[in-house]
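Alright, structures below, take your time with them.
Both complexes shown next keep chain A, but they swap its partner, so chain B is in the first and chain C is in the second.
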Partner chain A sequence: MKSVQFSVASRREGDAAIIYPKGYLNNLSGENLVIECGIYIGKGITKIVVNFSETDLINSIGISMLLQIIEDLKNIKGTICCTNMSKLLRDTFEMLGLMQHMLVFPVESDALTYLKTGKL
Partner chain B sequence: MPFNAIPAEDFLNREPELNYLKGLSKLKANALGGDVFLDGARGMGKTELQKQLYRILFWENNVVPFYYSFKTANLKGTYFAQDYFTGFVRQYISFVKKDPSIANNVAEPLQRLMPTISSLGLYWLIDCIEDFQGHVNKNDFYWQLVAAISAPVMAAQKMGKPVIVMLDDFDEAAHLYESSLGDAHGLISLFGESMRNRLCPHVITGSAGALEPIFTDHSLIGMTERMRLGPLPEDLAIALFRAHLTNLKITCAPGVQLEFLDLLRGNPFYIKNLAKAAWKMQKNVITEKDLIECYSFEVSDGETAFYWASVFSRYVKNPAQSKAMLKLLMHAIENGGIEDGKRLSMVSGLGEAETETLLNALTTSGIMRVKDAVLHDFIHCLYMKEIEGRNVSDAREKIEAKYIQEREESCFELVIPMSSNAELVVAKAVEQIGKNINLDAEFLNYLQLALIEVCINAIEHSGSYEKKVFLKFITRPDKLEIIVENSGRPFSLESIKEVPVEEKMRLGMKRGWGYKLVHKIMDSVKVERVNDRTRVILTKNIDNGS
Partner chain C sequence: MSTELKKALYNISALADLGQAITSENDFHEKIQSVLYVITGTFLANKGALLFYDKPTKKLNTLTQKGFAPDDLNRLNPEELMSLGRNEPYLIGGDPVLAVAGAEILTPLWVRDEFIGALLLSGKLTVGPYTLEDLELLNVIANQIAIALNNHSLFMDLSDKLEENRRLYEEMRHIYHGTLQAFAAAIDAKDAYTKNHSHRVAKYSAAIARELGWDEHEIEGMYVAGYLHDVGKLAISNTLLNKVTPFTPEEREEIRKHSTLSHSITAKIKFPWKNVEDMVWHHHERLDGRGYPEALAQESLSDGVRILSLADSFDAMTSQRPYRKKMDVQSAIAELRKNLESQFDHKVMLVFCKVLDKEIKGELPEPDILPHLDRDSDLSVISALLEGIIVELSRP
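Now for the complex of A and B:
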């Protein structure tokens, strides 16, 4: 457990945005995540990849913020992909019934390939 | 009986106190003090200290010791006066002749001692005895008492040799009466004169709760200082227990640490009783587990139980009251004290007035205040028998189970402020605790999540002014138990509704998921309300097979 202070980094790759939440995903950092995605959606991006490789601890309030992003993307017929999730994170999403509302890939490049080619 | 003190070498850890008490008469002569109230938990050795002092002074011959125990005294004034007076005369002659048998022979009437007194040339004492007899013959209640109580002062003045007056369980003197109990208040204040005398230091014991009002009411407090008898340190407690075992020809199994003795908190009375219990139970070689078994015997049927039962019996008049008292005490133990108010009569099952009287008696006795695990176990045991109707062996088993389990458990406590990210401290702590007990690394991640959820729930929703979350981690070989407590708004598991994700998205309701996770992660989740606190108990069974 590293528990670094939370921060969000992001970059663009073609017509997709990739978001990197780092550290402890709680209410505050969840909000930052929503804001970060909101900026891309505002610019017309409909494909978002969230790479969780640097997220260590989470809580349910932080996770619930993801609902906001899922919903926003749904409204514009967009796609959300989650990648590099730890087993804990995957199980947690499963327990909360989130999995069916997102696409999950082992690593970021898999998600990007899918988004480009439409193939798994 | 002042002469049945234990051998000086067996009397542990009270040297400073003894030395101080030996010098009391000098202090008093110089008006620097000289009256001491010996304060200490029951069985801590107050009486024994007086007896040790007695023996030393007796043989040193510089100060005359006089010991009187109110515990067994008849408190009818005239009986008391007679007993106190003859007790003093016997002990005085005994001192002068250096013959303990005179003091010990309580059956011998004073008349028979007259020749001895004459031969010692103590003519003033003969006058004194005749004066006292005169008051008795005239049936003069008041003067009998005064003459008896002032006998030590009289002797000190006549001989110029200080007399140390040791009044054991002196609070009982508050109940001295003339012809029926409670008919004469304040007779205890007759001791004031004697206590103020420069030649007579007093060493007093008794329940602090009962003595404090006496001291303040009767301005006896002026020169009285409090000497506190604390517990024996851990190593000496063990040494004392081993010495008792040796006397009883019992040995300890190899490697036995006697850790269980910690429970007795260095109380010599409990230590002695436990050793005797081992003897009664015919143990030859004792193991840690035997100790627990002997202990459960002690608190259910042993001398410790007998002792506390007799203390209790002083405060109740009938079986109904005794049951009520048990319920109140059990209630106090379970709730860490007793709150005021009408609810208590619901607990006791008696009327409000009667409950109040009982409570007052218990408060004065000091029983309510003591944090004494042995007393608590005695109460618990009696409660199981009298109120729950369990049989003795069942009750004893319960007590034993508690300690057998406790031996194998370790416990960590943590308090966090209700501030942001404080839950991460908990996550960090539980990570290490988990490692200590070899918890599966993957499960540890889930456990962290569960705890974070419980803490956040407390922090976000309790509205507590105290702004603290109290956590306790108890690890046992077969399970991990985590207790999370906080003050503030009550909370129950029923209040958390299951809302599907779709619904949540639609309603924009994004909270209340936490406990869903907690339930999935832990084997059991319980929520209780204890006074103004919410207590969440999480347990996870540990599978030792894998």
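Now for the complex of A and C:
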């Protein structure tokens, strides 16, 4: 299977940052995801939305990166929202017990609404 | 699919990830980083460290880690770790000796009877304890990492030894060349008129060999033969070597012995290069068989002999001798040209002209012949002469 070269894009929406990982999160290039989140955390952002619409697969290395982001946000009492996840991704996160450490929304706009209003 | 089955599949894929990380073409540091990510991702540990045991210093060095304080890792005593089960995960609990802030599980890494290092993990993000399945998986992972680290260590040891051998070899080569130069200086010191002759012949011969496309080892052999071609002169009397008046037939015979003497001396040396002794023995042979000491001709003369013969003659002609003045460069080249086929080889002459012409035109970064030629030489005239000979000798 040919994997897509991993890349990360991001944008700011109010007091939240939205991160768009793209490709298979399975090697050291996934560190860019941690770095991108770290940049926003460094600027004082405590709300991060990770939109997984272009990431179908994640392996143990990718999980480790995600753990790092969860840990970094936990340290500043921040929030991580995951959206647009494939069933495979949801099942993996659920099986590992990660769901209790993040907020999961079907789409990005739901997460942003929640972060803005505190309501679903 | 049950959660247990999903977890089992995840663990299997984590082992595959580990294999891929270990066998990847990344450099060692990247490999080790990937390995640690695989492990922390597999067990949901937010802290992890891979430590390598350095036998000479008997200390644990941190290869990679995330989340731990470096000073805490440095406090770990390898002796204490060695007493634990080999590749068996050990739950630190309240153990005061092995306590590292934030660490929950420690696995000493072993390959056969060799202590390799340790793997340290924090508790899980999900807070739950390490299960029996986790410990079994960690044991499998520890075995794989230990082998990978051991292989790397062996490879590094070999690389270090190779590097050391290379250094020693270079040192030996340096000494070898120093000895040869001392020999050459001794030869040339016997005859004030041939000062640096051996050095120049070595340089010219190597330049021709290089232009002929010889490999570096062969060129070095050619260079050494150039240095030693007149070593037999050490056994010839100074009076005879420095005689100003023409030699008598007996004296000429005596002088001619030097090439056989050179062979006798060099034949006792076990050179790493082929045919050095043959080249010094026959550097006064001629293609027409009228040379000495064996009157060999044509096919009996190797390329090395032909190169040495031309380089020696060219330098002899362009150097001052007690019984005659030195020739200018153009005349010496013309003399070589005149004696083609009878004395000098066509191919070697062509290559000699090409390399000298390139040196004059500045096409070679480190000229070997030009710096030794008469400074009053008109290089444009020499170049024109060489071009003419090159065209002539290049014709089919």
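Annotations for the structure displayed:
Just so it is clear, the second predicted complex is superposed on the first by the 116 of 120 C-alpha atoms of A that agree within 3 Å, B and C clash if a C-alpha of one lies under 4 Å from a C-alpha of the other, contacts with A are read in each partner's own complex, and residues count from 1 in each chain.
Just so we're on the same page, contacts are C-beta pairs under 8 Å (C-beta built on N, C-alpha and C of every residue); 3 or more make two chains touch, one makes a residue touch a chain.
Everything quoted here is computed from the prediction, not taken from an experiment.
Annotation: superposed three-chain arrangement on chain A; chain B versus chain C shows a clash. In the superposition on chain A, A:107 contacts neither chain B nor chain C.
In the superposed pair of complexes, A:57 makes contact with chain B only, with no contact to chain C. When the two structures are aligned on the shared chain, A:88 is found in touch with chain B, with no touch to chain C. Once chain A of one complex is fitted onto chain A of the other, the partner contacts of A:71 extend to both chain B and chain C. Of the two partner chains placed by the overlay, only chain B lies in contact with A:24; chain C stays clear of it.
Of 57-65, 93-101, 111-119 or 129-137, the chain C stretch that intrudes into chain B once chain A is superposed is 129-137 (criterion: clashing C-alpha atoms). Touched by chain B in one complex and by chain C in the other are residues 26, 28, 59-61, 63-65, 67-68, 70-71, 91-92, 95-98, 101 of chain A.
Chain C contributes residues 3, 6-7, 10, 13-14, 17-18, 21, 26, 30, 33-34, 36-42, 44-46, 66-67, 125-126, 128 to its touches with chain A in the complex. Residues 1, 3, 24, 26, 28, 57-61, 63-65, 67-68, 70-71, 86-88, 91-92, 95-98, 101 of chain A are the ones that touch chain B when the two sit in their complex. Taken in their complex, chain A has these residues touching chain C: 26-28, 59-65, 67-68, 70-71, 91-92, 95-98, 100-101.
Listing the residues of chain B that touch chain A in their complex gives 420-421, 423-424, 427-428, 431, 442, 445-446, 448-449, 452-453, 456, 460, 500-501, 504-505, 510-511, 513-514, 516-517, 520.
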